[in-house]
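Chains here go by letter, A, B, C, D, E, F, G and H, matching the order in which they are written, and residues are numbered from 1 within each.
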Amino acid sequence: MRVGKNDTVFARLDFSRKERTGFGETVFGAGKTPDQLTSIFKTFAEKGHSVLATRVNSEQYDAVQSTGLKVKYDPMGRLLILPGKVRRLAGQIAVLTGGTADIPVAEECAGTIEFFGGKVARFFDVGVAGLHRLLGVIDDVRKADVVVAVAGMEGALPSVVSGLVSSPVVAVPTSVGYGAGAGGVAAALAMLNSCAEGVSVVNIDNGFGAAVVACRMLRRMKGVKV
Amino acid sequence: MRVGKNDTVFARLDFSRKERTGFGETVFGAGKTPDQLTSIFKTFAEKGHSVLATRVNSEQYDAVQSTGLKVKYDPMGRLLILPGKVRRLAGQIAVLTGGTADIPVAEECAGTIEFFGGKVARFFDVGVAGLHRLLGVIDDVRKADVVVAVAGMEGALPSVVSGLVSSPVVAVPTSVGYGAGAGGVAAALAMLNSCAEGVSVVNIDNGFGAAVVACRMLRRMKGVKV
Amino acid sequence: MRVGKNDTVFARLDFSRKERTGFGETVFGAGKTPDQLTSIFKTFAEKGHSVLATRVNSEQYDAVQSTGLKVKYDPMGRLLILPGKVRRLAGQIAVLTGGTADIPVAEECAGTIEFFGGKVARFFDVGVAGLHRLLGVIDDVRKADVVVAVAGMEGALPSVVSGLVSSPVVAVPTSVGYGAGAGGVAAALAMLNSCAEGVSVVNIDNGFGAAVVACRMLRRMKGVKV
Amino acid sequence: MRVGKNDTVFARLDFSRKERTGFGETVFGAGKTPDQLTSIFKTFAEKGHSVLATRVNSEQYDAVQSTGLKVKYDPMGRLLILPGKVRRLAGQIAVLTGGTADIPVAEECAGTIEFFGGKVARFFDVGVAGLHRLLGVIDDVRKADVVVAVAGMEGALPSVVSGLVSSPVVAVPTSVGYGAGAGGVAAALAMLNSCAEGVSVVNIDNGFGAAVVACRMLRRMKGVKV
Amino acid sequence: MRVGKNDTVFARLDFSRKERTGFGETVFGAGKTPDQLTSIFKTFAEKGHSVLATRVNSEQYDAVQSTGLKVKYDPMGRLLILPGKVRRLAGQIAVLTGGTADIPVAEECAGTIEFFGGKVARFFDVGVAGLHRLLGVIDDVRKADVVVAVAGMEGALPSVVSGLVSSPVVAVPTSVGYGAGAGGVAAALAMLNSCAEGVSVVNIDNGFGAAVVACRMLRRMKGVKV
Amino acid sequence: MRVGKNDTVFARLDFSRKERTGFGETVFGAGKTPDQLTSIFKTFAEKGHSVLATRVNSEQYDAVQSTGLKVKYDPMGRLLILPGKVRRLAGQIAVLTGGTADIPVAEECAGTIEFFGGKVARFFDVGVAGLHRLLGVIDDVRKADVVVAVAGMEGALPSVVSGLVSSPVVAVPTSVGYGAGAGGVAAALAMLNSCAEGVSVVNIDNGFGAAVVACRMLRRMKGVKV
Amino acid sequence: MRVGKNDTVFARLDFSRKERTGFGETVFGAGKTPDQLTSIFKTFAEKGHSVLATRVNSEQYDAVQSTGLKVKYDPMGRLLILPGKVRRLAGQIAVLTGGTADIPVAEECAGTIEFFGGKVARFFDVGVAGLHRLLGVIDDVRKADVVVAVAGMEGALPSVVSGLVSSPVVAVPTSVGYGAGAGGVAAALAMLNSCAEGVSVVNIDNGFGAAVVACRMLRRMKGVKV
Amino acid sequence: MRVGKNDTVFARLDFSRKERTGFGETVFGAGKTPDQLTSIFKTFAEKGHSVLATRVNSEQYDAVQSTGLKVKYDPMGRLLILPGKVRRLAGQIAVLTGGTADIPVAEECAGTIEFFGGKVARFFDVGVAGLHRLLGVIDDVRKADVVVAVAGMEGALPSVVSGLVSSPVVAVPTSVGYGAGAGGVAAALAMLNSCAEGVSVVNIDNGFGAAVVACRMLRRMKGVKV
């Protein structure tokens, strides 16, 4: 759209997204001022749409909530949700983490899946350094149609999991770790180089992206329940 | 397995894979001598199993073929196949390339999918520099349950495609290109940073890996036809 | 110039620049103290010259303004301008962004072009993940003599645009994004590896640099109107 | 285009390019077999089109020439040309190199410009380590409408040149050099970080790309003479 | 040692090493001509010393053997040995590999340990993608005093093993793999970032280095039997 | 372990670790809130276990201490310890640093070793730029069964030390330094490339990791005294 | 030196340095607490030694000064000096900068040279983008026995200068710049790849290091005047 | 110099260099054909100039020699010399290597110094892993006015040497080594990060560059004897 000097937009909202993609509207919260985020939520609310914002901090949440909108905030996953009618996705998605420090990314993923109508089974802190933890839950993990494996440091979890299940595994490297390969680089490279088949990778800390991939899979696999 | 000094293995063959994963046996051909590869194919043939070898050059093919085994060789995708009974996967997978130089990787992917019983629709040389090429086929691409987008250089194809379809997109960066970011690094980084939702990434030139991811989806999606 | 120990300069001002290059004076604001920037602006004002400072924050602006100088400040593009007589450049420059987060860099570019006497058409938030947005404005983009394409994340916009226009495209990677290839590295590599012809690249977030390249073209293109 | 299994294309030729972009057809020769390149040239010849292939080695040239086609080969710039009617571009492009080892890239650029109808002034081996060489020719360089500066090693030539001219400078890093930052990385980074205004950069060794950028500029600047 | 122009050494041999370090003499064979290597072996033989050369190819071996020296060559580990009296180290070292392609590095390690008088238990092709392979041998691995874990690709083997044993684990990344993080970089980074305790890392493909570390550990642990 | 939405764990405590590995429990303090750390310490105290937390800042320490637990805090090594009965390890571990800025990492290592029951000899600020400092203490260093060499900048200390002792050397690169290779990258690469035999490396600043490696050796070396 | 647990040093002071190296004592101030720095200065003052601390901020300066010591502080070069008797070095050192942002590094260098008794000629803001600035002072630069060239961004100044003088050139890359190659990486690589002879390089922002290199030359060059 | 299309130069020879810089002419041999190198040597011979070519292989040498020119070839240092009258430089330069594999780079340096009239003392294979080797020659090294320290792998030699001498140390990283940081990157980073004062660095394997730096120092230090 042509933009004049005096009406610079800070976000081109996408009101037809649900029709086009089948999923609800979403907004990337990081970098937006509390006022901008509030304005976006009010606009969706006025149209009767639900909306999910990711990477929302408590200051942004306070601003939106203070307007009286009925939003829900998950501080662990940093998700702010204006709820609406959800079409249920059939099937189930397992979300695993290697350690406890990976949980915020996993909750961004899990909360997004739930916003899109998917069912999530969480298996946290099952990293490869203590294999008994993973082996203790693997029978339940195998029931999932898609597995999201979230891990930082050496990023070995997706490789080990993928050898134990027959579902596709979406690997999410996290920025957990330090030193050489810090910021998730070691984990991301390890996941791209997985010796196990059936693993594909999203960007570092991109729990939201993994959720969309997993839900697109589920929808094609199982269809949508209204 | 415990390995004695005098019987060093060059490959631990996996005869129960089909039962465990539902897919046929596969072997990574690169780095194996013609004799080693021949030995592997004969072992599978004796057991009546089918097998697929990837990254096979013509010298390796000649060695295996000269033993009288009924193998098929695809020089473009560098695949060597000992055929067997295949269970058909329901659904369809679209395989796209940005340019013609990406075709070997795409054929490694497509041939592997076909070995696993999947149906492939090929859309080659539809890169983003000439958008009319992609837009001319997009209606057919939309029919696929999974889209594999193979591209080198700036690796923009998955981002553009993912915005135009509702299926999951598996992105395969290729080592096509030169200069800064050569060897597929620029393409891989671009795909991990895709601004479009629904994209996950496998390793550079890993057409085989994309095929496994896509087929795992398909199998979960639709069930398996025998 | 020989500099004595006790008169260390903090900026060697260039008063003959306009004569030498045809463009007005410019200053890089980042890293200068409010006092230093004020002193520079007063010096130019005393000589009756216009001047543009880039990367100026509000604290610096307040300091300069408080001296009574008739400056104009654009907080989005972080530009501070002491206006003067401008010679109009013929032709037109289109400035595009992939997303809304790229707008500050785009406004740095657009405001600089306008300071140099060029005419700008803005097309913001037309990234490749939603191709309909770009295709909806492409006929207007084609009218420009130079196209500046500003994008972060996977940096695909210049490649797609360059395939749709016949003007030169100046690509500006931005530091928008996170994870692997963050800080603009993924975008910069992608733009250097563009499969589309006609693209050249400036440094990450360097909206000012793109403006100078574009204006040098325009001046040579059409001559300068006084 | 939909591609069947048995008619895998090795190049989707673009016969309407001249109409669309105003420039003649071009082909990237590297990686194509002599037979493939011959086939492409024959196809263009049958349609009466001119065509330029870049990165052509002598073996490929011998194959094409042996068919009797009236091609011209420049071994320094590795260009193979099937000549045709050329529309002259007004104006002039200066092509500079830092050293003699940069000449192949510069000739790829210069020969491409000439194929597109542009006029080239060559200034080779005028690197910054011996400034008298550059200063001795700078008056002639200033006459050009666009300057292409080709340099490896520390890549300082574009910065120095851009401070001495008022035209846009297209910088081409080359892979000349060794050790830290080898393969053109040091030169490319230096050019992106140029302290001089008016510089934009193409990929390492991409003489062809610089030619297209420069010719797009010229055409917009001056129009095309028929 | 002061070296005159005309007697440039190609190797300063170290005849007192065994006394100083307790281990036999070793030579890095890569980059040495067959004549140089032969000369070195003859010098040690004349003094009645044993010696081990690593990274020896078959051409070098042929040259040394043709002199009549009683050497032993291991083509898999690329080790050439002039045997001598060996003092036995007490205890045992387990050497594991992730895949079959890692075996040459593992044999360089195992053969070096045996040259130093250590006892090796080999466990090859027990990578994490098929966890049953590792779990099937883990009880035997636990008996070792030091574990050397050799792996390429994502390099996850040391992390998983270290969580299952109480001995120190020496991790050897190998250059097996391709694409992003190729050449062993992904594996090396993963091993340095291991979430499991007790892992330390040597250079990529440095089987010899791991052997020295492991034997130094053993000697201190158990003392040396003469 | 299966984790429900409403009981997200922030740490899966490992109460059987001492039995499994022979060492006391440890916790990574960085990133945990004071409340979380306090809760963890109280849980261990209730069970009568000792515990060591690494990377603990003074705010975290204050919180834990204010509960009345008898903890000990080492601000230099950032270690917080709830003491318990310790089984003495035989032997001795030397901990060296190149400079004074490396001491916090060295104290993390030394304090951890002492928590595990090992005996530490400290040799700080003995870097290679002043060789007399190292040579003055080398006879005492030689008495150690394991040497931990901690160094930043060019990371040369482990190479020099390893040539002077016959024990295994665990190298710890630190993030001390600046400029090219900052953050410990130069030191880590140098240590992996050590020309001296007997060196293995842990992650940058990972004093804790080096302690575990060294103690695993010691325990195997001499047996454990209760 | 052997360090007991309870007397951990924070700096091993070197009181014999002047005798050993001929230069005064120096201390790296960054990372030291005001108390630590004060303690160091008092120790030197009590012994009647002069001392130079680099990277000293104003808070550290205030602490040292408040003790009544007669120190001198240069806030631009961040140098804190306890003056003493200086032996004059013969000859002269030229210190150049590309821009004004490089001046702090240049003053760290110049002030250190002066502390060591050397004579400095300063030539600031003579970068290659405006060559007339450098050419205007080059005759004076040529008089120096050593040239220190300090530059960020593309780091071209040492290459250009070295071609114009016959003295050795010590290149100091600075962290001035942004985007690709930021933090001084682009400048450092460019300087290592200089096409001009006679250039050697120190670490990024290491003005102190360049001063030591230059003064070591001077002392050998001309002898030392007492 | 203006270069016409048909007289593309392959090298702009510099016949006044000796007058300008005081040193003889030099040519970079790598990448030049035997014919080109022969032509260059004949041109210098006809003018009665001496000339040094670096990186010359035996095929190039054979071509030049076969013309009857009285050249001298050093295969270790890959130097080809057409001798002439040499002005002696006073003073002495020590050239050290860490290992034997660094000798080719060291001989390139030493031979270039001798061509320029300097006196060289060689100390090879004195790397830090066996410190007794270095300490055994250090008294002779201290006599040199400049020290060139050549080392690959971890590149620690310059740091250790610089702490033992008072002359400036020119560090030359070599590409000796493998694995992480291979190609000289680890050594170059280590040398830039040297904790020892007085070290400056040239590019990887750039023995020639170190020679020019050292000779420029010597000439300024001591002047030139005719």
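Just so it is clear, contacts are C-beta pairs under 8 Å (C-beta built on N, C-alpha and C of every residue); 3 or more make two chains touch, one makes a residue touch a chain.
It should be emphasised that the depicted structure is a prediction, and the values quoted were computed from it without experimental measurement.
Listed by label, the chains that touch subunit A and also subunit E are B, F.
Residues touching across the subunit G and subunit H pair largely coincide in numbering: over half of the numbers involved belong to both copies. Chain centres here are Cα means. That of subunit B falls 44 Å from that of subunit C.
Put simply, the C-alpha centre of subunit E and that of subunit F have 27 angstrom between them. Between the CA-based centres of subunit C and subunit G the separation comes to 35 Å, rounded to the whole angstrom.
Residue positions 130, 179-180, 185, 188, 192-194, 197, 203-204 of subunit H each touch two or more of the other chains.
Touching pairs of chains, sorted by label, consist of A-B, A-C, A-E, A-F, B-C, B-D, B-E, C-D, C-G, D-G, D-H, E-F, E-H, F-G, F-H, G-H. Interface residues of subunit H facing subunit E in the complex, by the touch rule stated above, are 76, 100-101, 103, 107, 121-126, 130, 133, 136-137, 140, 178-180, 182. Here subunit B touches subunit A in the complex through residues 20-22, 91, 145-146, 166-168, 170, 188, 192-194, 197-204, 209-210, 212-213, 216-217, 219-222, going by the rule given at the top. Within the complex formed with subunit C, the residues of subunit A that make contact are 1-5, 8-12, 14, 31, 173, 175, 183-185, 188, 203-206. Note for the complex: subunit A touches subunit E at residues 98-99, 127-131, 153-156, 159-160, 162-164, 177, 179-181, 185-187, 189-197.
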